[in-house]
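Both complexes below contain subunit A, partnered by subunit B and then by subunit C.
Let's look at the complex of A and B:
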């Protein structure tokens, strides 16, 4: 009963959030200067041409009227047609989403691995020079933004020591047998590990650029919580039972210390997805973020709306997932 | 034969003053020794030193901790951990914080039996069930599946006691095991520890500031003041005729249930000054 109530409440707040996002984006992109119609017509088009085209796209109506028409379509699964690409927005956006999701999840995984390893090592060797070194490295990782890390990585691993790809999602000359857009997942499922390697060699640098600052945040918070947990009585008790320090950290301290980090990872993951916009551009990676920038440059109003709504759906979905995981990991929440 | 022999143990806060001064005490096989003293006398430090869980800021500056014929302080950390883990156990002070909040009671008892002592999972589970029954927990099978927050403080202390006896240790350090509990529960827990100790023949180092507890549970006791043992005697001798003036004053300061109107006698300043001088210069 309580669970049902919580879920229902959650769905209502999610719906309100999405509506708010939709209203804001719809109005803002129409109020800011720049006109999609002007971008479509050659210079010297007559006022009559402009008026005709404006009417075709419905841009002659008032903004609230436009919004109602658009929202009505959305409720039926029709997000409109892209002005520049002349294709349905929903298909375009869903086609690009897998690329961005794969990149974000890979980056998240790398951030958790790097940050987690740093936190565990720092806790195991606390109050030594190693911990000091980890702290400094994390400070540097945190104070440089992801797109600058992207440039650094391109310079080092793409130009000076060209071991990884720095452009695109996959080598264009390859024959792709894929039926879905989840290339990385599908290449593994199809046991085409040659393709997996090629995809990874394209994804590694952008994912790393996204992961480095997040890894530093995760590492710092987790180490802090771990060190606090290491003073607690049940950890001391485990030490008297003959467990090694590493084992005590891993099996006694970590399950409790991880909870605050988990919340943070949820919040930061949404920032990471936001970060894909610039990183994808930097690495010419064909994902949603890259498409978003093109859409904004071309004033492709329906496409911008579609992408922003999709980002909002992802954000709220991630938050819900974090809450559920939190409840699963913390018995005190489960049993009320 | 002494199972535990602490010889001339000295410890201090790194860069600070002494915490333990030349402490010597023994715990025979099956003996219950009380370790009493006021707050800050260093009584818990001795237990922690034996178990190897001293805070990082504390360093041992001299002496030996001989456990079952081996000086623990000369062992490499891993060997020491294994030796202590296999033959000693701790009953902690605060049952509310000594159980891991995110793990079920069952695994908290059985894990170390399996991980450290190499028991089979089944044997460890049977043992946990039997022990919970022994510490008079009703419906032990259910409790094993519960989480700490679902149980009362008294229940949790019973579980910690059961866990301490689980591997049949030779020595248990009980670090003020009743201090954090309700007065009504204290007595039951004390009885329980005494009963289990007698049944299993475990040596017990009972750290407490409560002389009433000592008189009920212990055979011998060491009185600690400012990190130094000022008296070492049998319980009968101590309560009959304490040798040291500080012990006598401590005894006089203890409330008596038989004669509540007698009031409390604070330890006289002169006695404190004398014992302080003795500890610091003698």
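Let's look at the complex of A and C:
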């Protein structure tokens, strides 16, 4: 009962948040001085041409009217038409979303692997120089944001030791047999591992840039929880039963220590997705974030709107999922 | 164990002082930029474009860290860029801090409808990717230093509001607040004289961290060409140019990147170091 109530309440607040985002974005971008329609037409266009086209895009109506028309369309799955690309916003945005999702999930996986390995190693070798070294590395990794890590990685692995690609999603000259936009997934499904390798060599550096700060956060929190768990009686008991130290950490302490980290990963994942905007730009990766920056620079109002709303849906969706998982896993909340 | 703790403390101290030293150096460089910089940061010299730094073959020793594609001195541009970076950091972080902390204090201490309103806005703000939000805002209000500062304030006030709200709530439930109320102090007086001094350490920590964030935001906006004009020396603008000519002239990217990296790291380490100092549990 309490769970259902939590669920319902969270759904309502999420809906309110999304509406708030839609309203704010809609009004903010319409305060823009320059006329996007005038920018579309060739220099010789008459005032009449501009007026006709403005009416086609519905930009001649008052802002609240425009919002109602737009919101009505959105409810029917129509997000309008991009002014610069002249295609439906929904199709454009959904076409780019898989690229961003693949990058984000790859980055998340790398962050969990690196952070988890650092925490386990730090716990196994606690109170040694290795632990001190890991702590310092994590401190630095955490202090510097993904944008700077991206630049450092470009310099080191793109220029100094050029082993990875530093721009684009896939080598343009390759013939792509894909029917979906999930290139990485599809290349594996089709057993075209040559393409998988090419995709990965493009995605590795941007994903790593996104992963480094998150890996440090995961590593710090997991090690903290592990340390607390290692002092508990049942762990000592396992040790006296003759389990090796590594086995004690892995099979006794870890399952109990992992919960707070899992919750944190959910919340931090939204920050990681937000980071893709600038990282995609930095690596010329053809995802949603790169498209968003182009849309802003070109003042493509319907497209900006669609992208920001989609990002907001992803953000709130992930947060909702985390909260619900937490509520379902936490007995105190479940029986609250 | 006790010795280990001592070592950690000492290392934290070294970190704190190193960060402070780098930031003080930056302040001096910013203040005396015209006297320190060897060249005019805007002066173009198309005959000495893309000269490497002094130790590389083919360099002109008067351009210590080399030149960019328009023949402008990299070192002088970094030095003058310090002014913009620190200026934006100090002004935007301070304004963000005042607005965010005030809203957080009001929401956390008075609760009621103020809290509902502030919390709802925080929720909405959290649903925006911050980088996209800032680029959007700059596109709306137009590029320029003032716009960058405004964008940082508009986006980041929630960082302060969230933390200070929780802290004010926790402080408000403590005994000393109740006794101040019994002693007949007004609500606002309690907020100002009792709660504020107790959350001030956290505010200082957040302010320090925010300055590092502001430096990065300014660099990111310059990087996507939405900061001030590309002529003006900004670290982000230099990095943007360096990214495009990375295979011809790595020094245009490397030196501003190192400067930016150390600066962001220093603000962050200083903030974390202060947090450890202020935290009574750790002390």
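The working rule: the second predicted complex is superposed on the first by the 291 of 336 C-alpha atoms of A that agree within 3 Å, B and C clash if a C-alpha of one lies under 4 Å from a C-alpha of the other, contacts with A are read in each partner's own complex, and residues count from 1 in each chain.
Keep this in mind: a contact is a pair of C-beta atoms (placed from the backbone, for glycine too) under 8 Å apart; a residue touches a chain by one contact, two chains touch by 3 or more.
Just so we're clear, the structure is a prediction, and the values are computed from it rather than from any experiment.
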item: Which partner, subunit B or subunit C, touches more subunit A residues; value: C
item: Partner chain in contact with A:244 - subunit B first, subunit C second, else both or neither; value: first
item: Partner chain in contact with A:58 - subunit B first, subunit C second, else both or neither; value: neither
item: Partner chain in contact with A:127 - subunit B first, subunit C second, else both or neither; value: both
item: Partner chain(s) touched by A:255 [first = subunit B, second = subunit C, both, neither]; value: first
item: Partner chain(s) touched by A:72 [first = subunit B, second = subunit C, both, neither]; value: neither
item: Subunit B versus subunit C as contact partner of A:159, first or second or both or neither; value: second
item: Contact residues common to both interfaces of subunit A (with subunit B and with subunit C); value: 127
item: Footprint of subunit B on subunit A - complex, ascending; value: 127, 232-234, 236-244, 247, 251-252, 255-256, 329-332, 335
item: Complex contact set, residues of subunit C against subunit A; value: 4, 11, 15, 120, 123-124, 126-132, 135-137, 139-140, 142, 212, 216, 219-220, 223-226, 239, 243, 246-247, 250, 253-254, 257, 260-261, 264-265, 268-269, 272
item: Subunit A-touching residues of subunit B, taken from the complex the two chains share; value: 51-53, 56, 78, 81-82, 84-86, 88-90, 92-94, 97-103, 111-112, 115-116, 147, 149-150, 160
item: In the complex, subunit A residues that touch subunit C; value: 13, 16-18, 20-21, 24-25, 28-29, 31-33, 127, 132, 139-140, 142-145, 147-148, 151-152, 154-155, 158-159, 273-275, 277-278, 281-282, 289, 292-293, 296-297, 299, 304, 307-308, 311-312, 315-316, 319
